[in-house]
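Structure below; questions to follow.
Think of it as A, B, C, D, E, F, G and H in the order they're written, each chain with its own count starting at 1.
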Amino acid sequence: MATGFVLISVEPGREREVFQELVQVEEVVDVHLLFGEYDLIARLEADTYDAIGDAVVNKVRKVPGVISTKTLARIQL
Amino acid sequence: MATGFVLISVEPGREREVFQELVQVEEVVDVHLLFGEYDLIARLEADTYDAIGDAVVNKVRKVPGVISTKTLARIQL
Amino acid sequence: MATGFVLISVEPGREREVFQELVQVEEVVDVHLLFGEYDLIARLEADTYDAIGDAVVNKVRKVPGVISTKTLARIQL
Amino acid sequence: MATGFVLISVEPGREREVFQELVQVEEVVDVHLLFGEYDLIARLEADTYDAIGDAVVNKVRKVPGVISTKTLARIQL
Amino acid sequence: MATGFVLISVEPGREREVFQELVQVEEVVDVHLLFGEYDLIARLEADTYDAIGDAVVNKVRKVPGVISTKTLARIQL
Amino acid sequence: MATGFVLISVEPGREREVFQELVQVEEVVDVHLLFGEYDLIARLEADTYDAIGDAVVNKVRKVPGVISTKTLARIQL
Amino acid sequence: MATGFVLISVEPGREREVFQELVQVEEVVDVHLLFGEYDLIARLEADTYDAIGDAVVNKVRKVPGVISTKTLARIQL
Amino acid sequence: MATGFVLISVEPGREREVFQELVQVEEVVDVHLLFGEYDLIARLEADTYDAIGDAVVNKVRKVPGVISTKTLARIQL
C-alpha cells in the first residue's frame, strides 16, 4: 500500500470548507487543520503511488479554495 | 498564556489597509510592517494555543488583502 | 489533547537510525520515512502544546543525526 | 529608532544555551523559543539599521550554536 | 548547447492542460507531472542560455495556468 | 546612503511590462530580468532604510503584475 | 516503471566528486551540474517507487559530500 | 556578456572573511553584506554563462566559510 502526506495551502477564510471537502475524498484517511507554514495536512492511502498521485491531482487539488499542495510520499524500505 | 507570531504576506499595495485591520483584532498585541521575506509580523496572545489558532484562522486570515500566513507559536519550557 | 506533526531533516545516511530512536520517544505516535523535501515525519501527541514543544526540543531534536525540524501544530476549532 | 526581528535556527539540543546568550546581547529586547520553522525569535532595537545589522553579524550570529539567521527589519512609513 | 530544467507550479486542476501545451513548445525536450513541491518539470534545450531564458519568459510562463517557474540552468564545466 | 536589493516575482507574461515600470522608479538604480527562483532583481538607493522601505511598499509593490517581493537590505559595518 | 528527479545540495567544493559518484549508481539515468538553488539534478529509474526511495536513501544520500536531497517523483496518470 | 547574482549563506561569524575573499575573485564585480535571508550578494560577470557557472563552482563556493549559494542568472531578451 502507498501512503502520501499532503501539505495544503488554502485561500484565507476557506480552511473549514476545504477541510469538509477533503474528508469526503476516498483516499483521504485523515485531515487536520494546522498552525504554521501550511494550513492543512491530509494523509492519503491507495494501492499504488500512481493512485496517490492521481488522487492528489484529480481530487485534492480540485477542491475549490486549494492554492497549492506539497506531497510527501512515504518510503517503505 | 499562549503567544503566536504571525508572519503575513499581503497583496502588494494593501499593506497599510491590512495593518489597520489587524491592530483592531482583540488577540493582536502588536503589528509591524516589515522589509524582507514577509510583509507584516503580528504578535497574538490568548489563553490557549487553540484560541490563537482560532484567531489566526477566523480573524487574521479573513482580513481582506492577506494572501498567506505562517504562525510561529511560542514554546514555554 | 495536543497534536504536532514534525517534519525532520536528517544527515544523509542516518535515516534509519533516527527512525529507530524516534519510535521510542513517548510522545511519538507514528513516524514515516519520506520521499521529498523532508526525510521523516513524526506525529506527536501530548496533553498540552507546551508538552509537545518540550518533546520536540528535548527529545526529537536531541536524537543524533537530526539536522533540523519544522513543527506543524494541529489546531482544533 | 530601528527595530529588527531575527528568526534563528540553532543546532538541535542547544536551544536553551543560545537563548541564555541572546538575552545578554545589549540590542536584544526580547527572545522567545518557537515551535515551527525557526527555533527562536529575537527582537533587536538600536539607533540605526546599520547598528542592527552590526549586532546581528557581530553578536547574534557569533553565539555558538546559531546555524542561520533571517532578519526582518521593521519599516516605519 | 544550453539546457534548463524548469520546475513549474500550476493552478490546481490545470495540470494536464499545461502539460499538453508545454509538449508543443519547441525548446521543450520532455515534461513530467510531479509529486511533491512542484507540479511539473520541463527540460529545455536551445543554442544559448539567453534562448532558454527567452523560451521560459515568452513561451513556458505564458501558458495559461502556470503560476510560477523556477529555472535551473545546467552548467558545463 | 541605504541600499536594498529587491527580488521580485511577477505574473507570468508581465515580466517586460513590470521591468519598464520599475526603471522609472526614482530609487531604482538598476533592474535585471532573471532566470531562476525570482523573475527580476532591482537595486534601490535612498538616504535612509525607511525611504527604501517606503519605495518598496509604495512604488515597487504597486506596479501592476508584481506578485511578491523580498527585500535584502545592505548592511554597512 | 518509476521515475524520480533528485535535487541535490552538496558541500561547496565537492560538486565534481559527488557527480562522479552519482553516475555510477545503478538507478541513476543522468546527472547534471546546476546553476541556481540546487547544485545537481539526478534522474533515477527503477521498477517501483519504493525502489527509487531505497536508492535515494541508501545510495544517493550516502555519497560523501551530499548535504540534502529533495526528491520529485513522476506521476503517471 | 553574462551576469549572475549569487546569494550566499555563510557560517555565522565568517561574513567579513568571506567578503574579503570574494572581492578578489576575478569575475566578482561587487559584493555586499546583507540583512535578511542571505548573508552576502555578489555580482559576477564573464563572457559566457558557463564561465559564470565555473566561477561559482570553482571560486565562490570554494571560499572557506561559504555554506550554500543560490545563483540568479540575468536573462537578456
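Operating definition for what follows: contacts are C-beta pairs under 8 Å (C-beta built on N, C-alpha and C of every residue); 3 or more make two chains touch, one makes a residue touch a chain.
All figures in this text were calculated on a predicted structure; none of them were measured in a lab.
**Student:** Chains shared as neighbours by chain A and chain E?
**Tutor:** In this structure, the chains that contact chain E and also chain A are C, G.
**Student:** Overlay chain C and chain H by their C-alpha atoms and let me know the rotation angle in degrees, rounded to the nearest 5.
**Tutor:** 180
**Student:** Under the over-half criterion for shared residue numbers, do copies chain A and chain B use the same patch or different patches to meet?
**Tutor:** different
**Student:** Whole-Å distance, chain A centre to chain C centre, using C-alpha means?
**Tutor:** About 20 Å separates the centre of chain A from that of chain C.
**Student:** Return the distance between the CA-based centres of chain E and chain F, expressed in whole Å.
**Tutor:** 25
**Student:** What whole-number Å value describes the gap between the mean CA coordinates of chain F and chain G?
**Tutor:** 35
**Student:** Which residues does chain B have that touch at least 2 chains other than itself?
**Tutor:** 33, 35-37, 49, 53, 56-57, 67, 70-73, 75-77
**Student:** Write out all the pairs of touching chains, ordered by chain label.
**Tutor:** Pairs satisfying the touch definition: A-B, A-C, A-D, A-E, A-G, B-C, B-D, B-F, B-H, C-D, C-E, C-G, D-F, D-H, E-F, E-G, E-H, F-G, F-H, G-H.
**Student:** Any idea which chain G residues touch chain A in the complex?
**Tutor:** 2, 49-50, 53-54, 56-58, 73, 75-77
**Student:** For chain F, which residues count as touching chain E in their complex?
**Tutor:** Contact set of chain F toward chain E: 9, 12-13, 15, 33, 35-37, 67.
**Student:** So in the complex, the part of chain B that touches chain A is made up of which residues?
**Tutor:** Touching chain A from chain B are residues 4, 49, 52-53, 56-57, 61-63, 66-73.
**Student:** Quick check on the complex: what are the chain C residues that touch chain E?
**Tutor:** By the definition above, chain C touches chain E via 35-37.
**Student:** Tell me, which parts of chain A touch chain C in their complex?
**Tutor:** 3, 5, 7, 16, 32-38, 41, 70-77
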